[in-house]
Each structure stands twice: as structure tokens, then as C-alpha cells.
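First subunit A sits with subunit B, and in the next complex the same chain sits with subunit C.
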Partner chain A sequence: MPLVNVPQPTWKEKLKRFFMIDLLEGMRLTLKFNVGALTDKNSVTGKGIYTEQYPKVRPNVAPRFHGAPRLNMDPETHESLCIACNLCALACPEDCIDVIPMDIEIMTAGKARKKKVLDEFIFDTSRCMFCALCQEACPTACLELTQEFELATYSRAGFVWDREMLEQGRETRKFEA
Partner chain B sequence: MHQVEVATTQETLLDNPEMILNMGPQHPSTHGVLRIILRLDGETVIDLDCDIGYLHRGMEKIAEHRLYPMIAPYWDRLDYIAAVSNGLVWVETVEQMLGLEVPPRAHYIRTILTELNRIASHLLWLATHGLDIGSFTVLLWALREREEILKIFEQQFGARLTCHAWRIGGMPSDTYADFEKDVQRFVDNFPARLAEYETLLSENRIWLGRTVGIGVISAADAIAIGLSGPALRGSGVAWDIRKSRPYAAYADMDFDVPVGENGDTYDRYLVRLEEMRQSRRIVQQALTNLPDGPVNAKLPKIIKPPVGDYYHSIEGPKGEIGCYLVSDGTSRPHRVRVRPPCLINLQALRQMCIGHLVADVVAIIGTLDIVLGEIDR
Partner chain C sequence: MTMDIFALFAPPNLIDSFLLKFFAPETMNYVVWPFIQIGAVATVLAGWAAYASYLERKISAFMQARLGPMRVGPWGLLQPIADAIKLMTKEDLTPDDADPFIFKYAPYISVVAAFIVFAVIPFAPDWGVITDINIGLLFVLSVSSVGVLALILAGWSSNSKYALLGGLRSSAQMVSYEVSMGLSLVGALMFARTLSLSGIVQAQGLDSIWYFFYQPLGFVIFFISGIAENNRAPFDLPEAESELVAGFHTEYSGMRWSLFFMAEYAAMIVVSAVAVTLYLGGWYFPGTWRLMASYPVLYVFVSLFIFVSKTAILLYLYFWFRWTFPRYRYDQLMDLGWKWMIPASLVNIVWTALAIFVVQALNGWGGLRTIQSLTHGVNLTWAGKIIMVAFGFGGLFVTAAVLSMLNWRSRDFNLKKHRRQVRLVNSPKGQTAVASITKAVTSDG
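Then we have the complex of A and B:
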């Protein structure tokens, strides 16, 4: 066996081993921790419970968290902020965004002009890696990865979000605490 | 009467002492999906062979079809335990190829966060290595400290594991409001926690019995195989890219490179513990001297490195992680090659395991600290 020369224990170390000092030290530490945990009043619920009570108490994720995508609306006019520039789709490494624009005619200063607006927005969350490159590419702060993190669905088709879902958000079941 | 012929001279299965044992790929101690085919004599390993590739995603090929800024998130998925370090290799390679000057503040923040990532990686190693050998308390306690680091990552990058931490030329955004306070709190609390692990393990007779003299590799063999990181330093070779080819802000930092003596599992454990202390020292220094200023360099609209090739490597938590980049002058790389520390460290497994027991194979895989996401790429 390719073993190294393990130094022989001195009599002091042998004595320590005989009285199991090494094991008792570890046990003392864990016992101290257990007593501390049971008597700690500053735990999550004040009952000495450290486990996060997940579906009832939802964790506070960071403000910068990259979660479910959302298309933001103008808070005053309630129109989509998206200008259908396609930059997010070009920035996406996994090619999971489809921006489908349409042309509408608007009257500006008495003249009919064509304007490109958003018709449909498809976001495939099953292929998304939440790298937030699309969010950084968006010039109007429309596309945003929110703090919503519950993305599971019962079917593959459920992962593909359309414009309505991106604007309204998905309904998630909330539990009473 | 019919005579029954009994074959007494023929060898039966029981006469052959050798046995082939298949370990993995779905084995909790292989830290992913690694298949090891062991040839055993009783319980002693005579020979072994590894079968890898279960997690192959073709990242190097994918990178040939992406624009330069798009490739960074794929690097996080190599060694997902140390996503922040991996991301740094890619952005620094492209920056140095472009000849970009990154502001000093970005360098310092990169240093702080990659060192925190090193601590997180070593903590996860300690947790799983302890669990493999039979120390359950260390698993829970090490993951508790790792949680503090992951919370800082979540606040800073918006993700806990695959952070997509850096952008070419700097950072996605400056630090969040309580960044310095959070890091300082971690730095203050950490030495007491490390002392707790030492109390639990360093003199524990079970830990010593399972690690001392197990998986020995000499310095000459370690260099011949190409080991890097703590696996190399455990054998007594003081090789650290942070010292020899400083990147980010490591040239300004004062830290020691711990080395082992015997090159066994216990020495590598001591080296990693000491590395965590040194990392904490680096974080403290970088936090004290954190300069003000911008965090992003001025970038061209489309990133097109000049024609040529470039190799850059950093000291990741597992070893030297490098990137060999060939550019043909377009907006997509011609070739991206990853120098994976875990794959090369894994090559030492056969030499380390021969002559040891099957139970020690588990300890040796643990001490090599492999992540299959990076081995298979």
C-alpha cells in the first residue's frame, strides 16, 4: 500500500485518545450548539424554528433577482412600453424571445404615418437561463425579470408565455400564513 | 449405472479473486454523474477506469455560434459551484484580447467576490467530503456559512448559483447599498466558524483514520499529471496563479500560499482550510482599500477582438481554469477551449486509488473536489 509514514503518537496523545478527548470535544461543541438553538428567542418565528415555512411564508428575494419575465406598462396610459425594436431577441443567447411587430397608421400633424408597434411577444421560459441580457438590452425598461420565482407548470406548452401572460403576470396560489 | 463427472480441476468463479464493480453514474459520492469501473481483489482496488461524458452539453461548440457577450452565462454552467470564478476567466480573456483597461474599482470588486466564491466552493467541498466520510454535522454547518455568501451573491448579481456575474469591460451594475456591511459581517464571523470545523475534524480519530495516508500523490507525480489548485499544493508545490501571474487586483494583496507535506487527503484538507483563511484575508484587504469610481470600461458597440489567439487562466477554487480563445476578427469566436481543472485533477484518481479500499475511493473522489459539469462540459 502506498502509505506515507504516519508519525507514531506520543504518550500524551495516546492518553488523550484513551480518554476520548478528541471525540468529546466535538460532542461538547455540537451539544453547545443544540442548547443554543433551542433557547434562542430570535429564530424565524420566535419558537426556536429555523426552517423556512415555505409555501406559507414566502422568502424575500433580492431586488435584483432574475425571475419570471414581465412586460412593463406605462403607469399613466396603461400602454405597453415595448417599441418592438427586437433588441432583446437579438441579445438572447438561447434565442427564446420572439417579438412580432405590426404596422399601424397614426395621424401626426395631419399626416398619416406608419408606426411599428408590438403585436405579440413570445417568451419561452423553459429555455431561458435568466442571464438578464435581454433586460439590459431593453432601451425602454419594458422587459424585466421580476422577483417571481414560481415557474412550474403541468405541460411544456405552459412554459411558453404570450404577451397577455407577460403583461398580467401568472396567477400563483397563495397560502395563508 | 451412469457416472457423473465432476470437474474438480476446472477454475470456477469462486477461485478467481478479482471482481469488477461498477460505481456510479448514479452514486451520491461521485459528486455528479461519474461512472467508475473498479477491479477489486476482495475489498482492495487493483485497477480502475473512469467513464465520463454523462453531462456533456457541448459548451465549446455552442460558444462558436454566439456573440461574445452571450457566451458568459454558459461559463457559469461549467463549474456551477464556482460560477463567479468561471465567469471571470471569460471576461478577462476577451478584455485582454481587446486591450481594455478595466477600472480599479471593478478589479477590486471582482477580487472580493471571486474570493468569496472560493470560500463558498471550499465550504461545499468540506460539507460533501465530510458527508462522504461520515461527518454529518460539518455538512449542515458548512452549508450554513455558504448560505451567507449566496445571499450576498443574490443581492449583488440577482442569482445564487449561476450568477452571470461579470460583463466584458466591467460589471453589470455597481455594488448594492449594504454590500460592504454584509461582506464585513461575513468576514468578522468566519474565523470562529472555521475554528468550529477544526474542533470537529482536525483531531477527530475517525477523520484522521479515514484521511491520513489515503490517496497519496508525490510532488513529481502531481506535476507530471498536471494537477493544479489545492490538489497540487497538498503535495507541497507552492504554485498559485494569483501569485505567479496576478490578475484582477491580486497584485496589491498580501496573502500566503499554503502547502502540504505528505500529499495525502488530510494534507489537502488542511490546505483548503488554510486557503479559506487566506481568502478571508484577501477579502478584508480588498474591502478596506476598495476604491471609488466607475465600474465599467468604455466598450465598442460590437465586440470584435483582433485576429489571433490568446490564453488566459486564473486560479479557480479547483485549480487553474483557463480559456484559449481563437478570434477570426468577426463578432463570434472561431474557437473557445476551456482548460478544465477538474478533468485534469481526475486523471490522478487511478494512481491515488490503487492499493486502497473501496471505501477510500469515496474519500479520494471527495478530496479531488471534482465537479462533473466542468469535466464533461
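Then we have the complex of A and C:
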């Protein structure tokens, strides 16, 4: 049975209503925020402003955030760590990685041998769901999903990253703080 | 030496003497100067309306702990200009089945109705008023209510359901609040004894008091009705975006839309300016004349500054209300207009008349002097002022008592009553509180 118990207003509540205390309370709150925003010395991260000033101030992404892919390089020799094993392409549930290897002749212990190295690496970020399974599959810690998150481009073709973009990182516009 | 410095504040005199070489003095007084004043007022007020929109965005942002426009210029100060350029370059769409003539000209009516009121508003003494007609207040009321015609025409000619509903709502709202707005002014007019706006300001100056202290209730009623008349939140039913998309200007785009926008802000300035003129002393501020009597030109500029600051404070109140209070339901809006505002303004008239009668009757009773003179408005002595202010603020309580008596039974038609009826289900058997609800509830359980 839908019983709604509506008590009669007490004398105090009636007085509150007569002097419109609740309306004034609301106005006090908005004024407090207005004054707080105006007296805020550092209006970007101060106490009066709670919004994120995105292009000016970079947001702090979560430590486990997966963003733009990157092919890591050996910090000393600046050669790609990728051994073209194709494990990432096999691990990818979205099938968005293409590893194109090539054979090169190298001399090992005086003998001419063929070695499979990376020729081209195609990563389609428009199909990627950032699960980072490729990152887990990589035996040399080469492929990594970084915390870079600005992936928007002007065309669909721009979503397909080639080896150079994956190694150098895409050029993004930086705003001054 | 000091006079030389203040000569900087005398461009009107220099322009006057320069133009007198080309025009006869009569032409100067009745043609050239009014045109200069009109040009200045129209330009400044259009800019003010534009920057009011900037301020609104800024203040709303601050109240919501945001920053607001920050990109165009320092602190986003060039935002109104960028907006204007964007709106002017936008395509001017007309819906297929719209009435093209009315659709095109409705925005002009709203802008003209909003801006023409400034012709009689006294911004400052002397040359600070374009024309001082002796029925100024009547002119303000009549012209500003033409603005509703533009909204109805726009809503009707758009051939859109949202726009039509918005137009109908605005007409109903304006008609209900126009009454209380007009009636609330009567109290102040009893003190000023003139309809000329300059005359009202002068009457307040001569009495050295703002009529707000005599007429707090009148001010409150006028301001609330003004907000409702301007279709501003919490009374923005005609353009309630959650129900009607954008109300009467749903189908408008580009410059015509921005004309409505500008008219809204200009109408806000008009209501603030009239409220300042009537209740907050207009350009009068205690002590300015005593300080600056020997520099009349400087006095005009200071008065202008005082008027603009007072109007700006009322405009801030507009923004403050808008970003604090939620919108009224439609029946609540009509309730407030017809059941509270109009009776309150009528009570205010009777109470003010009674107050003036009492003060007049007390004059000369037991050696008490309350009235100084009645030639230019009601001029009261200190004793008379205290009595009148007491009457004014006591009138708030008297009106509240009268209104609660008047609206005692009106709660029968209220949701609150409805909720109470649900509670009455527990009442003893044999007593049916309200048949329908009781039946529905008991059949369920």
C-alpha cells in the first residue's frame, strides 16, 4: 500500500519558508563559487576552478592506461628491438598488426647466413582496442602501448601507422602552458 | 589649474561650440544633439549587450567552478566579437513552410522594442538623457511590452511546433506579469508624483532617499516581474531548452538569431535601468552634488558612472538568479503571477496610500513635522522618513499575511494536497477522504 507520510510543517519550517532561507542558501553557494573563482590566484589548478584545463595542462593518465603504440629501440645502438617474430600479429584479436619481414645477409662466424629482420610494421590504430595483448606477446619488449592519448587525425588513412611513425612517435601540436 | 584638468571632461561643450559654426542653435538643440546622443547610446548599449553575454558566460562558468571562454584574447575578452563575426557569416535559413515576411521581420521588432526604451531613460542629469517626456514611464511600459509581439510572430511564422509553443507560452507569461509590473510601479509614483523618469530621479534626489527604502515590496515585485517579462531563468518557460529545444527562436539562425539574443540582453538592461531609476535613485547618489557642485560636467560623468554601476549590479542579480534557481513548472509560473504577484502589488498600492495618509495625518500632530514639501514629489523630514521606511518594510509582513490568507484555499488545487490525501487512507472507516484515490489504493492492496 503506497503510504506516503507527509508530516505537517513545523513552525520552524514555516518560518524558513517565509524568509526563503533555502533560496538564499542556494544563492550563497553560487556566490561562494563565483568569489572563489575570482579570488583564485592560480586559476588553472587553484581551489576555485575544478575543471581540467586540458590543452594547457596535460591530464594525469592512469598508470595502466594503454594509448598509442610504439616500437622501442635499443637505447645504445638505436636499432629496432623488433625481431620480426610475428607473435604480436598472432596475438592481436583485432588483426590490426602486419609485420613484414625481410631477409638480409650477415656474416656470422665467417659464414654468410640469412637473417630475418623487420622491414615494415603496419599498425592500424583505428581497429586497435588497446588490449595490450601484443605488448604481452612481444619477447623483446619492443612493441609497447604508451600513455600518449592524442590519436585523432583528419583522415582514415592517418590511423594506419607505419614503422617510422611507430618508432619516432607521431607529431603532435604542443600548447604552451 | 584644477579647472584646466576638468576641461578634459568637457568635450560636449567643445563639440557644441564647433558645431554652432554650421548649425543654428535651434537645429543644434532639437536635431543635432539628439542624433549624437542616440548614436552614442545605441553604440554603447549594443556593446554592453554583447559584453553582457560574455559576462553571463563567465559568471555562469565561475558559479560552476569552470573558467568559461579563455581562448579569444586575454581572458576571452574578444569572445563577443568572434561570436558576432561567426553569426554574421552564418547562413540565414528560412524554413520551407514559414511565413517568410513575418519570419524575417520579427527579430527587428524585438530589437527595436528593446532599444527604443533607452530614449527616455535618464542615464545622467543635463545632457545625459535623450528626451525627457512627461509620460516616460508609460512609454517604457507600453513599448517594452511590444517585445512580446515579436516573440509571438516569430513563434507563429516559424511553422514549427516548438516555436509555436514557445510563442504561446511567452504571450501568456508576459500578459500575466505585465499586470503586476505596472501595478508595482504605482507605489513609487505616489512618492514621485510624476511619470517623467528624470522627474522621478530628481524627486528622489530632493528627498535624499532611494525609493527602495519606501517601497521594498514594489522593488521586489517589479524585479521578479521584470525577470519573468524578459523570459529569463527561473521563468524562461518560452525557451525551456529541455522541453522546447529553443522555444520561439528554434528555427532561427545566424544574424536573425543573434538579434533575438541581443534584444534579450537589451531588455534585461532596460528592466535593470528602469528599476534603478525608480527604486535605486537613478544617477542620484548621496553627497555627489555637494562634492561636485562647482564642476557640473564632471558631475554628469560621475552620475553616469553611478547609474551604470547600479544597473550592472542589477544585471549581476539577473545572472545570479539564472544560475542558481531551477526553472518553474508552467502552472507554478502562472500561480506565482496571478495568485501572488498581482495581489501583492495591489496590497502594496493600498498599503502605500495608507502610509502616505498616515504620514500626512501625523504632520503637525503634537508638534511632529513629517512633511517638508509636496511640490516636487513627497519630501519628508527625518521623522517622516523613519515612519515611511518602517511602513515600507512592515508592508512586507502585512502583504505576506494577506497573501497567505488569500491563497489559503488555493492549496486545495495543489500537489501538496494530493499528497496529503494519500496519507488520509489511514483515516477511520466510513470517512472517504477523496473517493477516487482511496478506491484505487484499496483495490490494489
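The working rule: the second predicted complex is superposed on the first by the 139 of 177 C-alpha atoms of A that agree within 3 Å, B and C clash if a C-alpha of one lies under 4 Å from a C-alpha of the other, contacts with A are read in each partner's own complex, and residues count from 1 in each chain.
Please note the rule applied: a contact is a pair of C-beta atoms (placed from the backbone, for glycine too) under 8 Å apart; a residue touches a chain by one contact, two chains touch by 3 or more.
Bear in mind the structure is a predicted one, so any value in this text is a computation, not a measurement.
Colleague: Where does A:T30 make contact in the superposed view: on subunit B (first), on subunit C (second), on both, or on neither?
Modeller: both
Colleague: Contacts for A:M129 in the overlay, against subunit B (first) and subunit C (second): which applies, first, second, both or neither?
Modeller: The answer is first: A:M129 touches subunit B but not subunit C.
Colleague: Once the shared chain is lined up, is A:L38 touching subunit B (first), subunit C (second), both, or neither of them?
Modeller: Touch status of A:L38: second partner only.
Colleague: Does subunit B (first) or subunit C (second) touch A:L145, or do both, or does neither?
Modeller: So A:L145 only meets subunit B here.
Colleague: Classify the contacts of A:K116 with the two partner chains as first (subunit B alone), second (subunit C alone), both, or neither.
Modeller: In the superposition, A:K116 contacts neither subunit B nor subunit C.
Colleague: Identify the overlap between the subunit B-contacting and the subunit C-contacting residues of subunit A.
Modeller: The answer is residues 1-4, 6, 23, 26, 29-30 of subunit A.
Colleague: Considering the complex alone, what residue numbers of subunit A touch subunit B?
Modeller: Against subunit B, the touching part of subunit A is residues 1-4, 6, 17, 22-23, 25-26, 29-30, 61-66, 91-93, 129-133, 136, 145.
Colleague: Using the touch definition up top, name the residues of subunit B that touch subunit A in the complex.
Modeller: Spelled out, the residues of subunit B in touch with subunit A are 66, 69-74, 77, 137, 154-159, 162, 164, 172-173, 176, 196, 199-200, 203-205, 212-213, 216, 262-264, 354-356.
Colleague: Which residues of subunit C touch subunit A in their complex?
Modeller: That would be residues 59, 61-67, 320-321, 323-325, 400, 416, 419-420, 422-423, 425-426, 441, 444-445 of subunit C.
Colleague: Taking the touch rule as given, give the residues of subunit A at its contact with subunit C in the complex, in rising order.
Modeller: For this pair, the touching residues of subunit A are 1-6, 18, 23, 26-27, 29-31, 33-34, 36-38, 43, 48-51, 53.
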